[in-house]
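Order of writing sets the labels: A, B, C and D. Residues in every chain begin at 1.
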Amino acid sequence: MQIFAYVFIMNIAIIGASGYSGAELIRLLAKRSDAEIQTLVSGTTAGKRLDEVYPEFTGRTNLRFTALDDASFKDIDVAFAALPSGESMKIVPKLHDEVPRVIDLSGDFRLPSTEQYTAYYKHEHVSPSLLPKAVYGLPEIHHDTIAKTSLVANPGCYPTSAILALLPALKHGIVEPTGISITSLSGTSGAGRSSSLEMSFTEVHDNIRAYKLGAHQHIPEIQHVLSKATGKSVTVSFVPHLVPMNRGIYTTIHSSLMQSISQEEVFGLYKSYYREARFVRVKEQVAQVRDVLRTNYCDISMHVDKRTNQLILLSTIDNLVKGAAGQAVQNMNIMFGLPEDCGLS
Amino acid sequence: MQIFAYVFIMNIAIIGASGYSGAELIRLLAKRSDAEIQTLVSGTTAGKRLDEVYPEFTGRTNLRFTALDDASFKDIDVAFAALPSGESMKIVPKLHDEVPRVIDLSGDFRLPSTEQYTAYYKHEHVSPSLLPKAVYGLPEIHHDTIAKTSLVANPGCYPTSAILALLPALKHGIVEPTGISITSLSGTSGAGRSSSLEMSFTEVHDNIRAYKLGAHQHIPEIQHVLSKATGKSVTVSFVPHLVPMNRGIYTTIHSSLMQSISQEEVFGLYKSYYREARFVRVKEQVAQVRDVLRTNYCDISMHVDKRTNQLILLSTIDNLVKGAAGQAVQNMNIMFGLPEDCGLS
Amino acid sequence: MQIFAYVFIMNIAIIGASGYSGAELIRLLAKRSDAEIQTLVSGTTAGKRLDEVYPEFTGRTNLRFTALDDASFKDIDVAFAALPSGESMKIVPKLHDEVPRVIDLSGDFRLPSTEQYTAYYKHEHVSPSLLPKAVYGLPEIHHDTIAKTSLVANPGCYPTSAILALLPALKHGIVEPTGISITSLSGTSGAGRSSSLEMSFTEVHDNIRAYKLGAHQHIPEIQHVLSKATGKSVTVSFVPHLVPMNRGIYTTIHSSLMQSISQEEVFGLYKSYYREARFVRVKEQVAQVRDVLRTNYCDISMHVDKRTNQLILLSTIDNLVKGAAGQAVQNMNIMFGLPEDCGLS
Amino acid sequence: MQIFAYVFIMNIAIIGASGYSGAELIRLLAKRSDAEIQTLVSGTTAGKRLDEVYPEFTGRTNLRFTALDDASFKDIDVAFAALPSGESMKIVPKLHDEVPRVIDLSGDFRLPSTEQYTAYYKHEHVSPSLLPKAVYGLPEIHHDTIAKTSLVANPGCYPTSAILALLPALKHGIVEPTGISITSLSGTSGAGRSSSLEMSFTEVHDNIRAYKLGAHQHIPEIQHVLSKATGKSVTVSFVPHLVPMNRGIYTTIHSSLMQSISQEEVFGLYKSYYREARFVRVKEQVAQVRDVLRTNYCDISMHVDKRTNQLILLSTIDNLVKGAAGQAVQNMNIMFGLPEDCGLS
């Protein structure tokens, strides 16, 4: 008897591989038997071994970083662009031409219009023609279009936590679509791997500060995705804060109830809404950062505040996993028809 | 020629002196030449030297803790009660009888009615007759009544940061008195010096979690003080969070603007409102925890969010200083007719 | 054609399952397809669901904690005792009678004599008859005896880092076996999951302190294991410190060179000594905690200090993995004839 | 009757005023009534207000940073150079010409020979002629020469903690002057205020790493000062580590006892040796970082390890206070004939 087995191995390229999201992609993909990282592109560390830059990989891999000019994308099945916004859109068109599936982790292909992009990102968009092709890669909303697209715009970290928390309440018409107040707290890895005084240990430790008030580029992303998904014109205020931890986002949302509804009813609606979502956990306990660290989960808990007629939502993710690399891998799984949680649990 | 000089030395007793607020009172008072700590009462550490419990005081003082039963309050000019809520009201009546000035750092004398007290503190009030005598010790509102009272109810840490941030906007009718959403982040010393699993390092580090949603005892305090000060019925939602740092509170407030007003106008109103407040700093830079640590300042900054028609307020204090012991000393200074900032700058 | 396949599933019991080492065992074992956790025994959390105590497990398991009296060890293939020293020796005899393989994570079966045990652990040993049966479970020394034993005494966290660092140098006669100075730094999870003032966040954060000088129970363990393995009488001084992080041990060792030897030669000897050790990495870069967090690696680097004629050794592990649960799983793998790194990489 | 009072106000200049040591000098000096900061020189922040760079100073001062070329040192009584080593020696000669007292916080004038300097600092010394004039500013050794000199070389942070811990034992001949093993742990502010990837929060948090093994520039400083003070040829090995906290140094020293001596005797000798040292506390409790934070104290505790015949010394300082700015102010007080602890307690 003969057994013919065909094992498909995904060939993978990561561009911007030396940053924190890039390294997290490597962590998630290097352990898989159905994926093989072929190319790690990095301008700043080109020529170095992976374990020189991230010594945790010593003895586990012989991967090396390559300069973009030296990289070939022939036979690559999926390319991840883990570059800063503004940089990504310069290289994604080439990737999209040469590689069948591209997942972009930057903010460059998340907004529908170049006007909004320029207003918040403060520079021109150089690849507007790709915008209509990009699918916003939040699997809990766009699973089916992700499965068919060649270009995924991987969601931002703050938007992932805020959108997943608000979506069921807005869909069910429980809360007002306007006057929503979002307060988010983020660990430092969200700012990327770079040297700046304001991100130095001495400045961040024992400190909290809000930043980019009213101007954060994730505001239009949250509003656009929620408006499109609910058919309502959603507006939110958003105040991000930097807190002294490496990973994790905690998002606390105050919204106005449109009806009298009990804690149990809201909990039931959320449970039901996410009953098939592999990575959203609707919790009776108060959500906390620790429970999602190094996982692809988004934990959500809620409180009906009868006294003020508010629905208070708490949601938490690991910014490098569900907020970046993990969600990108989840999208990759969907694009290849694999179970969503392959290599993620 | 003869010079008659009379140097008045305040004799001080601290009850509950081994807790974090008590220790901060000692830090602030021990260095003053016009004050002398006579009595440190502590049930848990009675008989021990101060520097056994807090080795930082080694070589600086010979103070010892005494049991309440062994303490005399004769000749004491001012007594600070730094006990947990519920414990304080059992001893304050005795203190108030024996000592001319009492400053209570607990929540026991901050609310006007025993009904509200019991609803939030979850136990009966055993000294209701003292409630009408207590003055809420927020010097930025009640300076003159503090100067004349024999009993100060020292404000809570969260209320101090929230009330000072909201007061000018509410007084000037800039924002709606309802629908105010308060999100606060606190370091761990606010929970007091005690052993519990949930406050252990391993549980708190690299974590954030909200707690006491809709049930925190500071909700009625914030609402009552703001309502009384503004003549409006103020209601707020309030979500406190525990964050991994020792000291500091960061409060972020979303409120609805009632009129079209510019950033500059609001800034000007705040500057003007607090022009004589020694310990409130209205800031152009975004408020951050680090700037107020180990000081009695409350830093406030603001953002007029035209897009959502909100006034976003940020305020920060050190919970052990302006949020507890520092404000208590500020109140003591006022009660004795001293400059407000004696020993506080 | 017929294929007869026999898949062996290890049935597992964990006693003391609600502590940090117990929870780490669950993390490591729950994801394996060749292992099934049958029983979680915990006195303090008996009756509760695992995800009530550790909410990170929400949606991932239905495991519950049981009281010891309610637990059955029938059909259990391996039992892990993750109890405090002193508690473990009360239950291990019963486990050893009823379960074919027992791995004890406490210090109760690591020392050869009850005299030494009592001298350092400060209580009597109640199961001396089991001492000769226990194999010290450091696979880099005792792989073959671990494979055959029914009782493994899993090494302490500090000893693992110190012994692995010193072993090659002592074996090769490079350094003096006496006058060795070990300074170790540990994160807080090493102290276990318990409520105590001294382990509270406010006390540990922004602080460092040495403890148990000259009296730590790991001193006889380090000396005994190294002496036995090298045939020399090894004596060490040992100063452990508590540092503000959750996980990780950093051990810095000063030892006296017995011969003139170059950095390259020592590096070569170490590389060669550990060439087949799956979880020891001899590093050219300076060892750092971050590289081993949540891994079963022990990273070692070294510096020949010509000026002082010392060999300085640096070694780092995750105290909950290679220092406890990970090493226990490594031992389990060896006991079952599985590859050492099953479920550990 | 007439009273003639002459109040002397020290006019102060700080060069390199925007760094962490410079800012700490400002914190210590700004509150004094007998000192007035006239000039803050900083290349990187010239033209900015102090409170723009350090917002904690908002409302407390109108000081501004000046470029060196725009600064006048006329009427300055004492100048502090708080520049990096290598930079300082370029400006100190000019300061020394124009200002009667100069206190240099860099390492440029601490070593007796340019050979040693170049060997460890890796660049030439450009002001060798000033070396013989500089007095090493450790008041516990050199009080009287500090009082008379015009140029103080303020000690390094690590050397301060190590020298003060070792001095009594070496002076009394209790321990061998060779084979001394020093392990030090430092918070991040010791690395200065600068942007580098390796000092970023994400890299330092939850991590520990040794650095500059066998090559740290404080090695010759420790050896030289101890040798000169004791008349013995002292050699030490020294391993500094970076730990996740902002401030504080913890130094653990293993040394060999030369005689049989009890814990009590050593404690007594240390107590006696430092009986007049205002800022050294010999402690029965184990020294810990928290007790010296934001103070000018050096806390020392010790352990006679009979088993290994070692004297283990623990010492801790705040690297920005006793390890830099505080000690500089202590030196300034001595130079002006003021009590040593003016403005420091």
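The definition used in the following text is that contacts are C-beta pairs under 8 Å (C-beta built on N, C-alpha and C of every residue); 3 or more make two chains touch, one makes a residue touch a chain.
Keep in mind that this is a model prediction, so the values were computed, not measured.
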Shared interface partners, meaning chains that touch chain B and chain D: A, C
Chain separated most widely from chain A, comparing mean CA positions: D
Whole-Å gap separating chain A and chain D, where each centre is the average of the chain's CA atoms: 46
Whole-Å gap between the CA centroids of chain A and chain B: 40
Residues of chain B whose C-beta touches two or more other chains: 203, 206, 244-246, 288, 290
Residues of chain C touching chain A in the complex: 1, 31, 52, 55-56, 58-60, 206, 281, 283, 285, 288, 290-292, 294-295, 299, 345
Residue numbers on chain C that touch chain D, as the complex places them: 178-179, 181, 183, 185, 203, 205-211, 213-214, 235-237, 239, 241, 243-248, 250, 252, 254, 256, 286-290, 293, 303, 305-308, 310, 312, 314, 316
Chain D residues within the chain A interface of the complex: 20, 187-189, 193-197, 199-206, 244-246
